[in-house]
Amino acid sequence: MRLGNIDKTTWIYLGIALALFIVPFILTGRSAQFIMIQIFIFAIFAMSYDLLLGYTGIISFGHVMFFGIGAYSTAIFMDRLDASIGALVLAVAVAVILAAIVSFIVGMLTLRLKSHFYAMLTLGLAGLFLVVAEKWRPLTGGFDGFTFRVPDLLSTSESLYTLSLISLILIFFGLRRFTNSPFGKVLMTIRENEERTESLGYNVLHYKVIASVVSGVVASFAGVLYMLSLRFVDTSVFATDITIDVLLMTIIGGVGTLVGPILGAGLVELAHHWLSGLSDVHWIFERWIILYGTVYILVVIFFPLGIVGTIRKKMAKRTAVQARSIKK
Amino acid sequence: MDSLLKLQEVEAFIEKYHILHEVSISVPKGGVTVLLGRNGAGKTTTLRTIMGLNQVNKGSVTFKGEEIRNLPPHHIAGKGIGYVPEDQGIFGELTVGENIRVAMKKENQETTKRMEWVLELFPDLKKFWKKPGGQLSGGQKQMLSIARAYLNENELLLIDEPSKGLAPIVVEKVTETIEQMKEEATILLVEQNFAMANKVGDQFYIIDDGQTVHSGRMEELQEDKAVMKKYLGIS
Amino acid sequence: MDLIITLIINGLATGMLIFLLAAGLTLIFGLMHVLNFAHGGLFIWGAFTGVWVYQLSGSLLLGIGAAIFTGLVLGLITERLIIRPVYGNTMQQILITLGLMLVLQELIKVVYGPDQVAVAPPEYLDGSFLIGDIVLIKYRLFIIAVGLLVFIVISFILKRTKIGLVVRAGVMNKEMVQALGINIQVVFMLVFMAGAALAALSGILHALYSGVIYAEMGLEFSILAFIVVVIGGMGSFKGSLFAAILVGLAQAFMAYYVPFLSLAVNMLLMVIVLIFRPQGLFRGKE
């Protein structure tokens, strides 16, 4: 690819990405860097969700199961083998393969169903994973979980920051290419009108399953990074709350935009941090989920496109108006 | 001539698809007006649009001189328009009696009288009063649907392809019924079966690609071979 | 033997509670094609408000009345403000009702505090009968009786009254109901309110059954209701009773014999039904 072929927005995104590499030199506090790392990780997770929700029109309430698979694979390998890079690579491989297999099976079994059923079924399946994690004590440590060490190379906040940022950038551009490809275009026609896509001769199930496998794998990888940053695992990595979190990130940021979920992850994580920090000021901030839920409901009713979607629509309108006035 | 129902340059979409481009119809009081045209020309959409089941984008729909475009369907029905959809819209798990009860807005002398008249016209309905609507034969379903549309002092009946999927002998029976009904109410009929349309119709409109392209008295149409061939594929 | 009877009665009581929750869910889905993920929120609001009034007044009847009233009001507000703007858009409905669930759950903590609330049945329903060796706990029998009563009343309404006929007709063909001159919006609203009231009733009854209530139990319980709706067939009222009893019994027996599997078994049941018979056991193919 020649450099001249890269469009303007790509340059902008690359510029922002480069700027983010400098942040750790300015924000030297560990907790500030930790928040940034969490944002990157959840941005990756939310993008994987966006691939389903925004690009294919699938609502999953059980997406956390892939996140949890990645998390437990990492934790268990780090704990049982040793905290070496080799074990980590193995853990990532297992996380990715397991997530691919599970998402393939779940997809084949459930993606034929209508959206309500699918949403419910994924909610149920994620519940099953949670139960398994709770009951399989010898392996998972049950409800209490366990702590573990990570490779020395990744034990500093800065190195983890770099790793998650690089992952975010690679996955962002990867998914961007994927969604802009002919394959991605088919996914979007499925979202618009499933029957019509089917009648055009596309095997809708095939496309949906592939989308869900890609999404599952990316989510699992987010789970891996999450573990590296936490160094502790418990059953909460399978909790429905996490699914709801990424759902909010994706919706607020803007479905079907990839950038939206990143922005959403930033906003939600920051809000999370600031609002629960404010609980010393007034008890109502302990109940910040109300604010959160209300904002989310309002967004669904009034800005179904989310922040990025709404801005893009406005810009598209403006350029259309400009184009028209030029014609005149 | 005073018209009961009037559509003027009606435009309608289904989702993104522009189905009706310019439909203008005037249905006089009394008699049967037939909508003809090929499959997919927009006949069913026209009826649905009158009924308020489809949004009107442009143009006007007036009933008894009153604008009814984009009113909710139940208001439109309340003004005295009965609708017999293409699939008859029978509630399959409800009995014949219950199907009729759902349709009856009030139970007064007028409706009871109408019901008696209808039951005389369709003795089968009385016979199968307690049978689930889903178990009726095609012809019986058609009768039930027409009876249901007629019950509520309705002045105008919109009937969508009543002959569809019926055996010739049943079609004859339905044709007879419509001829009897037209004494009591005005009918706007969509029909592919030309013989039937020709028998019951007084005047016709031809819709092609979402536009009314031709109209006139029914008996004139038979003479006009060119129009018949061009729009209806009948020679 | 007496153990089995006790378990059956436990199962029936739980089943009736789930039925009350699922009945509304299934009718709302059948009629409006809205899968209300906030149904569990109405359940906890019924529980907390009902218990509050009950403990304040000492009258269970007043408590139940308060719960039902809360359900009706919340149902009205929810239908008007949350569901109506997004009719016809499945994705938005699913997302928005889930959001409402969160808000309702957190609001409970704001109004009634974040802690669990303990509650016991009134004296006349406390304790048990002894028939031979079999212990019959009064309150459980009471729940079963209420459940059956609700089933009979709703069945009667659906079968014999005009509004019931309209609801059943609406489940089959909404457009036709409108074309017959019936304002379906009003029907939607009434059904939604009734469903919410049933959920709230289930909430207060469940509160006294389990003896302790907390905000998160809404989502837990509504998953059971979803399972029931799926097994019984979306929109099938009779199916919801049958499936609720099935799930209730499975729950009771599993909780006794293989406790760690009890939730998993119901989930598995739902997964199997969804995969092999997605329309549910009580509905013909659509």
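We just call them A, B and C in the order they show up, numbering each chain from 1.
As a working rule, a residue touches a chain if its C-beta (ideal position, glycine included) is under 8 Å from a C-beta of that chain, and two chains touch if they have at least 3 such contacts.
A quick note: this is a predicted structure, and the numbers were derived from the prediction, not measured.
Engineer: From the centre of chain C, which chain's CA centre is farthest?
Structural biologist: Between chain C and every other chain, the largest centroid distance is to B.
Engineer: For the pairs B-C and A-C, output the one whose chains share more C-beta pairs in contact.
Structural biologist: Between the chain pairs B-C and A-C, A-C carries more contacts.
Engineer: Per-chain Cα mean versus the mean over all protein Cα atoms: which chain has them closest together?
Structural biologist: That would be chain C.
Engineer: Could you state the distance in Å from the CA-based centre of chain A to that of chain B?
Structural biologist: That pair's centroid distance is 53 Å.
Engineer: Measure off the straight-line distance from the CA centroid of chain B to the CA centroid of chain C, and report it in whole Å.
Structural biologist: The computed centroid separation for chain B versus chain C comes out at 42 Å.
Engineer: Would you mind pulling out the distance in Å between where the CA atoms of chain A average out and where those of chain C do?
Structural biologist: 33
Engineer: Give me the residue numbers in chain C that touch at least two other chains, ranges are fine.
Structural biologist: Residue numbers touching two or more other chains: none in chain C.
Engineer: Out of chain B, which residues touch more than one other chain, so two or more?
Structural biologist: Residue numbers touching two or more other chains: none in chain B.
Engineer: Of all residues in chain B, which touch chain C in the complex?
Structural biologist: 51-53, 72-74, 77-78, 83, 85, 89, 91-94, 98-99, 101-103, 105, 148, 152
Engineer: Going by the contact rule set out above, which residues of chain C touch chain A in the complex?
Structural biologist: 29, 35, 82, 85-86, 90-92, 94-96, 98-100, 102-103, 105-107, 109-110, 114, 219, 223, 226-227, 230, 234, 260, 263-264, 267-268, 270-271, 274-275, 278
Engineer: Quick check: in the complex, which residue numbers of chain C touch chain B?
Structural biologist: 162, 165-166, 168-169, 172-173, 175-185
Engineer: In their complex, what parts of chain A are in touch with chain C?
Structural biologist: Touching chain C: residues 53, 57, 59, 61, 109-110, 112-117, 119-121, 123-125, 127-128, 131, 135, 240, 244, 247, 251, 284, 286-287, 289-290, 292-294, 296-297, 300-301, 304 of chain A.
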